[in-house]
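Presented below are the structures under discussion, each in the form of structure tokens.
In the two complexes below, chain A is the common chain; its partner is chain B in one and chain C in the other.
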Partner chain A sequence: MTGAILIETLLNGLITGAIYALIGSGIALIYGTTRVLNFAHGEAMMLAAYAALILSTTAGLPLWLAALGAILLVMAGGVVMQRAVIAPILAREDWSFRIIAATIGLSIFLQSAAQLIWGEGFSALPYFFDGVLVLGPVRMPWQRIAILIVALVALGLSALLLYRTRFGQMIRATAQDAEAAEAFGIPAARVHTMVFALSAGLAAVGAIMLAPLLSVNPWMGVPYILKAFAVVILGGLGSFGGAILAGFLLGIIESFGVTLTSSEWRDVISFGLLIAVIWVRPYGLFSTREG
Partner chain B sequence: MFELSGIDVRYGAAQVLWDLSLTVAPGEVVAVMGPNGSGKSTVLKVAMGLKRPSGGRVMFDGADLTQAPATARVGAGMSIVLERRRLFPRMSVRENIEIGGFVLPRAEIRRQMDWVLSLFPELRPHMDATAGRLSGGQQQMAAIARGLMAKPRLLLMDEPLLGLSPALQQRVFALMREINDRGVAILFNEQNAKLSFGLSHRGYLLESGRVVLTGSGTQMLDHPEIRRVYLGEAAA
Partner chain C sequence: MTEMLGRRPALTLLLLIAVLAVIPFVVTNPYYLHVLTIFLLFAIFASGWNLTLGILGLKTLGHHAFFALGAYGSAMLSHYAGVSPWATIWVGAGIAALAGLLIGVPILRIRSMPHVAIVTLAFAEIIRLVLANLKDWTRGELGFWGIDAMPALNLGGTVVEFGTGKPFGSYLLALAFFAGVHALLLVVLRGRIGLTLVAMRDSELAAESLAVDLTRWKLGVFAFSAAIVGLSGALYAHYIQILTPTSTVGPEMLVTLLAMIIVGGVGRFTGPILGALLLTVVGEALREFGDYRMLLYGGIVMLFVLGAPRGLAGWLALIGRRRAA
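Right, the complex of A and B next:
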């Protein structure tokens, strides 16, 4: 492997990993705070891509404004989803299985609705950035570089929100003991809702940056949600930081695996790694305790 | 000041409190004593708004708080030291204590923190440590400090002596007296009759979710039933 291929492979791994980190950290945030495994998280991606597409091509908004509008719309969708579907189930006793069934049902509902509304056609969002970055022998499209930069900014802002603000303190307290948080005046139910909005926003950022490189279709979230669940388990169930690290790690391992073998081996490598980690460290690579 | 009247509580089909009534006057220390499973913790959960009663009323300073969430009760002047401390283990001691004053404006949190730490100087060196790393005694101090942050006029304490050594129990008792001397009323529960009624102005004995006996601390300690069943003294 030459130096240029090594750097390109590493960059590709970081870019793929950035998407996994964006999607996985959202799932981890929701699970860590509410103990809900949200199988409809991939549909937040799909809806964000469609929203950006419609706002830019049909409504004629500038691409960046369409992207911003799509992120806000999907965050609002996260609020509606949590209030209308999740919260009523959480209010009942013995909700753990029901919530899985409900989010799987919601995922299928949203895919089918998207298929009915927008059809099975495949569309693509225009590139945010044209051109190719050339650094000696290394060549990388700016659109792909932008995925990494935007993801790092979004994840960095989320980390600041979580660890440096009063709102973040509310989220972390609710995640560790919702009843205790409530006893001191933290509105845990509202925190749960805001966490769904934030997570949907992270998924939307990933989807919109990815949409110019992929086709926008009703099922576009499915492969990413599977990888994101792998990332969440690798990082330690419910750990926001662990999911980010695991996302980048998985992206890099996949990238080198594919370079050394072929793209057909991508999922074999990812899920093989997942099974190995579950055997050796069932509580995840970046968590020090079980459960 | 504080009153529970005619409280019924159910967990699913099982009723755990039956027509329970109790009062706490300003500046009073009131103990709720009873064996395991008698419903002591549920009384405090109902008082704090963490469990909705199926019947009865919760009054504080003349306001009906029966349907009010915990947030409103903290704002009204109530706070709690939860059973087994229940600190946020992956947050620092400072953050844990700050959260106790969540309803206060930021500037006031700082002032109240200084006051609270004057009561618990032993916590000062550990403020940046994660709460999960503190010893059991230090955790109890941090839990009481957190409970005092919201400037409560009524502090609820759910088994504050649970799991502590006799020396630490004495320290917590001394703290409870000191907190009460500063004008904070206390409603606490405890399994040990001698400790409960030795400290309290008044007490309630709970059995199977019902109040079976009430009186001043001294009356409760002198009651033949308490002496026989809970203090292990032979019947005269």
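Right, the complex of A and C next:
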């Protein structure tokens, strides 16, 4: 493996990892605060991509405005979903599995609804950035580099929100103990809803950055949701930082795995790794206790 | 116990089997028999999965992997080694049980439900990818076609044939396995094993304090459940005679079976049977109107979880109790 290929593989791994980190950190955030495993998270990606596509091509908005509008729409969708589906189930006993079942149902429902409305056609968003970055022998399109940069900015802003603001303090307090937080006047139910909106927004950012490179289709969230679950388990279920770290790590491992074997076996490597890790470190790479 | 089995489960099962046994002599439309054959095979699948999902309370999401392992295992063994499907279906079930043991060891040490759900789902995804990638053996997504039908049987002078295009024999064969599997489940669940399982579901700690070896029990039930699902997969393979990785272990299979168990009633003996019957028939009826099946299954899972978490079996039990009172 020459130096140029090494750098290119590493960069590709970081870019894929950035997407995993965006999707995974949202799932971790939701799980950390509400103990809910959201299987419909991939459909937030799919809806964001469609929303951006429709706003830019059909409604004729400038690309950046369409992207912003799509992110806001999907965040609103996250609020609706949390209020209409998640909150009513949380109020009952044995909710833990019911939420999984309900969100799996929702996920398939949204996929087939999208298929019926928008068809099976595959279309892509135009590139946000043209041109190719040339660094010596390494060549990389700016659109791909932008994924990494935008993801880092979005994750950085979320981290600031979580650890440097009063709202973030409220989220972390609710995550530690929702009842105790409520006793101190924190509206835990509203915090739960806001967390859903925030993580839907993170997924939307990832999907919109990917949409010019991938085709926008009803099933585009499916491969990412499973990968994001793997990331969340590897990072220690419910840990925001752990999910980001594990996301980048998995991206890099996959990238090198593909160069060494072939792309067909990429996901087998990832999921095999997940099962192996569960075997030796049940609660994630970075923690030793149940999340 | 009554909650799990319902009142008079043996009588209910016997009546159901009696009614189902009359059908092929009355209904001659081959398409209806085909739909009911699919119902019977999926009912075996759903009851097998319900054993871990509902009765043991272990929320696994990867049982379609055992279905595919049973199906491909039996189909490939009969195709490449020339062994009779009458023997290979049992090998298929055995392969599924072994896989259940293999994946059971890492997950059963964890009590966290999300971990179990995700790891079993990832396992199913690995099986799907491996089946799709081993193109030389499975032909990948092009489909493994030309699978042998179950060889015909000579029953006292009458030859009964099986496989696609032989609805009468196929239906009776599926019914025989349906009856056998459910009778076995009933015997197992009514005895000490059933009591132990209910005790474990209600409180693992309490069960452990009564000297129940949790890990061994869970592993055993998990393998048993995988074997039943694998058997249903093997029967399916030799009936449909073509398999693809996506149709056997894709997300649609997961949702279809999950919908059957949830609509019927999680953790109830008759639940998966009712759910499989209703959804297979409704799904087929919808086919003429276009591709609404997945929309319906996804929506129905959500609605039942939100509005009727006990499922049809729980609802029927409630009516029965009211009438009895």
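Going forward, the second predicted complex is superposed on the first by the 289 of 291 C-alpha atoms of A that agree within 3 Å, B and C clash if a C-alpha of one lies under 4 Å from a C-alpha of the other, contacts with A are read in each partner's own complex, and residues count from 1 in each chain.
In the analysis below, a contact is a pair of C-beta atoms (placed from the backbone, for glycine too) under 8 Å apart; a residue touches a chain by one contact, two chains touch by 3 or more.
All figures in this text were calculated on a predicted structure; none of them were measured in a lab.
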item	value
Which superposed partner A:268 touches (first chain B, second chain C, both, neither)	second
First (chain B), second (chain C), both or neither touched by A:230	second
Chain B versus chain C as contact partner of A:119, first or second or both or neither	neither
Which superposed partner A:180 touches (first chain B, second chain C, both, neither)	first
Contacts of A:100 with chain B and chain C, given as first, second, both or neither	second
Chain A residues touched by each partner, larger count belonging to chain B or chain C	C
Partner chain in contact with A:3 - chain B first, chain C second, else both or neither	neither
Contacts of A:89 with chain B and chain C, given as first, second, both or neither	second
Complex interface listing, chain A residues touching chain C	31, 37, 85, 88-89, 92, 94, 96-98, 100-102, 104-113, 115-116, 222, 226, 229-230, 232-233, 237, 264-265, 267-268, 271-272, 274-275, 278-279, 282-283, 290-291
Chain A contact footprint on chain C (complex, rising order)	59, 61, 103, 105-107, 109-115, 117-119, 121-123, 125-126, 129-130, 133, 251-252, 254-255, 258-259, 262, 290-292, 294-295, 297-302, 305-306, 309
Complex interface listing, chain A residues touching chain B	93, 169-170, 172-173, 176-177, 179-187
Chain A-touching residues of chain B, taken from the complex the two chains share	12, 48, 50, 69-71, 74-75, 79-80, 82, 86, 88-91, 95, 98-100, 102-103, 146, 149-150
